[in-house]
Amino acid sequence: MRLPKAGMWRMPDWSAFSYIVTNLARFIRPHEITFSGVNSALPMLACLLAKRAYPFDFTYINVAGGVDPTPSKVPISSSDPLLAEGSRAIFANEDFYDLCTRGKMDLCFLGAAQIDGLGRTNVSCIGDWHSPKVRLPGGGGGAVMLPTARRAVTWRTEHSLRTLVETLDFVTAAGGMHGVVTPIAVFTKREGRLALASWHPEASLDEVRRRTGFDFEADGAGPTPPPTQLEANALATLDPEGQFQRDAAIRLR
Amino acid sequence: MRLPKAGMWRMPDWSAFSYIVTNLARFIRPHEITFSGVNSALPMLACLLAKRAYPFDFTYINVAGGVDPTPSKVPISSSDPLLAEGSRAIFANEDFYDLCTRGKMDLCFLGAAQIDGLGRTNVSCIGDWHSPKVRLPGGGGGAVMLPTARRAVTWRTEHSLRTLVETLDFVTAAGGMHGVVTPIAVFTKREGRLALASWHPEASLDEVRRRTGFDFEADGAGPTPPPTQLEANALATLDPEGQFQRDAAIRLR
Amino acid sequence: MSAGTAKIIPLQELAARVVDGSSLAVGGSFLHRGPFAFIRELIRQGRKNLELVKQSPGYDIDLLCRAGALARARAGIVAMEGNFGLAPWYRRAVETGQIRLEEHACATLTAGLRAAAAGVPFMPCGGIHGSDLPALNGWRAILDPYGSGQTVYLIPRIAPEFAVIHANEVSEEGDVRVYGTSHWDRILSRSAARVFVTADRIAPSASFRVQPELTLIPHFLVEAVSIVPNGAWPGSCWPSYEVDYAAIEAYLVDARDGLQAHLDAAPEGRNVAHA
Amino acid sequence: MSAGTAKIIPLQELAARVVDGSSLAVGGSFLHRGPFAFIRELIRQGRKNLELVKQSPGYDIDLLCRAGALARARAGIVAMEGNFGLAPWYRRAVETGQIRLEEHACATLTAGLRAAAAGVPFMPCGGIHGSDLPALNGWRAILDPYGSGQTVYLIPRIAPEFAVIHANEVSEEGDVRVYGTSHWDRILSRSAARVFVTADRIAPSASFRVQPELTLIPHFLVEAVSIVPNGAWPGSCWPSYEVDYAAIEAYLVDARDGLQAHLDAAPEGRNVAHA
């Protein structure tokens, strides 16, 4: 990814919502199989954006059994059967999990509540599992898909010391984390630990460090390249009234 | 099964073919799930006969994925897709094997080349497995279905010292054998060993003993009750030109 | 089960067959094609101490917790989904110890169900390494006895007493057809001892004969069926109806008699279910 | 594999991708919906030292043995079926040691394929107790670590390099539809590293969009497809054509040049395959 020269960047209005969706989409590679699951509106939008914005072909499968679907509208629920509209096959749950565990899933988007410096995730609980302060959604795809997908990418709508932590309250899933996207930063795994790849043009390396609970390398990191016209247009098409952006209610700070 | 008084019986023309098909059908019980597989023309005919001749309902599933099919004609091959004609579902191979291993298959018809007194079967080879005199079809359903079906029933078109043996050349399958039908006899399992239930009216206990390679109990055995009118009619409907009977070419002696 | 016997009964009679303390596998996923009218009927009948088994429950498990009908859950991921986030009454039930949770990954729950479907005591499952879930649940890993050097976790059999599926269409005889994804319904219908189905409508048996490949569950695996139009409300049943988000918003208001109001607002009346 | 790329190629090119010594899982069962034109094309191209993996091979394995193309087989039950009994050239090949057989029950072969499909090194399989097959194949049994007292056999992973399926219809993009039973084709298509398909005809992509539930194998699992009308000859392809018993009878005559005569009699010519 070619980065503009640091410091030169001016773009006051790259929303945290657009930042996360766009940077999730940028993890998608040509001719690969990419999966989005339940509770995953942002990755769903990222996959649909990539289909529109990028000049290459890839296979998008989702938890609704869709295979390269052409939904007549974008559903609020990322597991909505609308996501199989226009699909020529139904590739249901048992099938896509087996695809992943046998090593043929190239890219999986998986949710997380807490993420540590090793790219492990907690989606189970805040506090002790047996008497939780907050009971979270739980295991889901992570424990099986994170270690078996060729690449897994997660996102967090809050970048803070309680979401990007040194120590997880519970290790729900560990293994193949490849990338993490937050409102202000993109991390990728390097030598077994998350390293900063780039930061939101309105943020800075200092801010990312201040708001991150684990240590990380940042060699070669700089401001994230802005959305291309194609990326911006694609997202505008997917969210014409900005409803998803409003519902997501994500802030940089 | 009520038996006519021994000795009184007169019926010169109960063919070995009809004897096997009819007695296989008589193992089918009301409201149960019964399965016929590949290489199983006689059990296929038995299931179709039972549907026509017996005053009770049962579920007939087969290796062609058929569930209570109504084939427009009776196929030569017992795995012919014709056996799913008229079926409201396709219950394919993985499904009926799982049904059996989880203990919900009531009655399975399974082929055999050799059968021993314990009701174990050899369908693998004559002679040593590693340098066989005759390589037989092999494992098939037996090793998994025989021990897991609630009842398994087999048949042999030749009743002789080389087919009903004291010692199998190879134990392909062992376990839940419930009954065996030959051109001259019906065996059922009793206290872990095959016992004679009845013999062909034209045969005798002596003849069955002479032509059987293993010892067996015969308490309460007598001539097999002849085909009822309904059984005879049903078989006539299934094999109007006697083609199956000719192809099977089964002899009493 | 035998073929052809009349299997279509009223919803109340279907729900009445589930006794207190039963383990119940529930079809669908989150807000989509779940047997929600059946779940509500269980609550109307005052069922208690149930166990719910489902990879991704949400509205259903929250409703059961809110009604105090649930004692145990085996689940992969629990949320209302859409934009509703966590399932509030479920969350409270776990945090206060009102229910006992066995936390799974969706695929480990499925592995346990596959073990039941295949009649074996356990099923291997890929992944899991590095997770705290095995220690939590007592899952054992074994080294491949065939020398690959791989260590694999074995998930113990999960055999629910009941599976309840909501389908688009059934035949008079109880054959089941769904449109769009089957979610986890196939494996649920093969792993439970008894399979119940609710369906939006009856379709002609002839239509099943024309396309038997579309039948997800054959009649002989199904004990009983109720015809419940809109039975997946407030969830979706593709392609017939979408999620009723307003109804879920209303459900989530923590008002006195809120549960009863929600039950009363449901499309299935006391008598609708009679087919 | 990516979506949309042109996957439809001539039969000769499809068969040419299978190199000598490959392990090949073959679809269908006995005389029904097998990719028999593909098998014949392998023989025309003089392929050698192949391994065949199939629960119930018959005509296909016999043909490969007759042509001297086969070195190994993993099979459950082998016969010509119909009224033809044993597969004569296969039988001879085993009896003379021309091929090495790994004898399975159909369900143990399937368990091995399921292990590959699920990415685990082995798969438990019910039954088998008391059979000589485990000793023959070195299958291990383990005691249920969860205390049921059950002992269960573990079947090692079986991962063929290729699966070849004959289908009724494919889309231009390579989606696969079959009518009637799918035999073992689903699990073959999920366990092999590369999936090839021959099909009687192309069906409009729109027809797949209307009923995606009927698609057995989605395009992205399929590497390449050849359109081969009557590609299952002399076997059946329901509901299009039945078994050609006369042709099989002719095939079974042990005449000089009998094999060549049979190959020449096949409907697929050198060029028919071009789509």
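Things to note:
As written, the chain order gives the labels A, B, C and D, with residue 1 at the start of each chain.
Note that a residue touches a chain if its C-beta (ideal position, glycine included) is under 8 Å from a C-beta of that chain, and two chains touch if they have at least 3 such contacts.
What you see is a predicted model, and the numbers here were worked out from it, not measured in a lab.
The chain with its Cα centroid farthest from the Cα centroid of chain A is B.
Chain geometry summary: the mean Cα position of chain A and that of chain C are 29 Å apart.
If you average the CA atoms of chain B and of chain C, the two centres end up 40 Å from each other. Per-chain Cα centroids separate chain A from chain B by 59 Å. In chain C, the residues that reach two or more other chains under the touch definition are 118-120, 125-126, 180, 182, 212-213. For chain A, residues that reach two or more other chains under the stated contact definition are 65, 84, 90, 100-102, 148. Taken together, the chains touch in the following pairs: A-C, A-D, B-C, B-D, C-D.
Those residues of chain C that touch chain B in the complex are listed here as 1-5, 116-120, 171, 173, 175, 190, 205, 208-209, 212-213, 215, 217-220. Interface of chain B with chain C (complex): residues 30-33, 57-59, 61, 65, 67-68, 84, 86-91, 95, 98-103, 148. Interface residues of chain C facing chain A in the complex, by the touch rule stated above, are 29-33, 55-56, 75-79, 81-83, 86, 90-91, 94-95, 97, 101, 103-108, 110, 125-133, 136, 180-184, 186-187, 236, 238-239, 242-243, 245. Interface residues of chain D facing chain C in the complex, by the touch rule stated above, are 115, 118-126, 140, 142, 144-146, 148, 150, 152, 154, 156-157, 178-180, 182, 211-214.
Here chain A touches chain C in the complex through residues 38-39, 41, 63-66, 76-82, 84, 90, 92-94, 97, 100-102, 120, 123-124, 129, 131-148, 170-175, 247, going by the rule given at the top.
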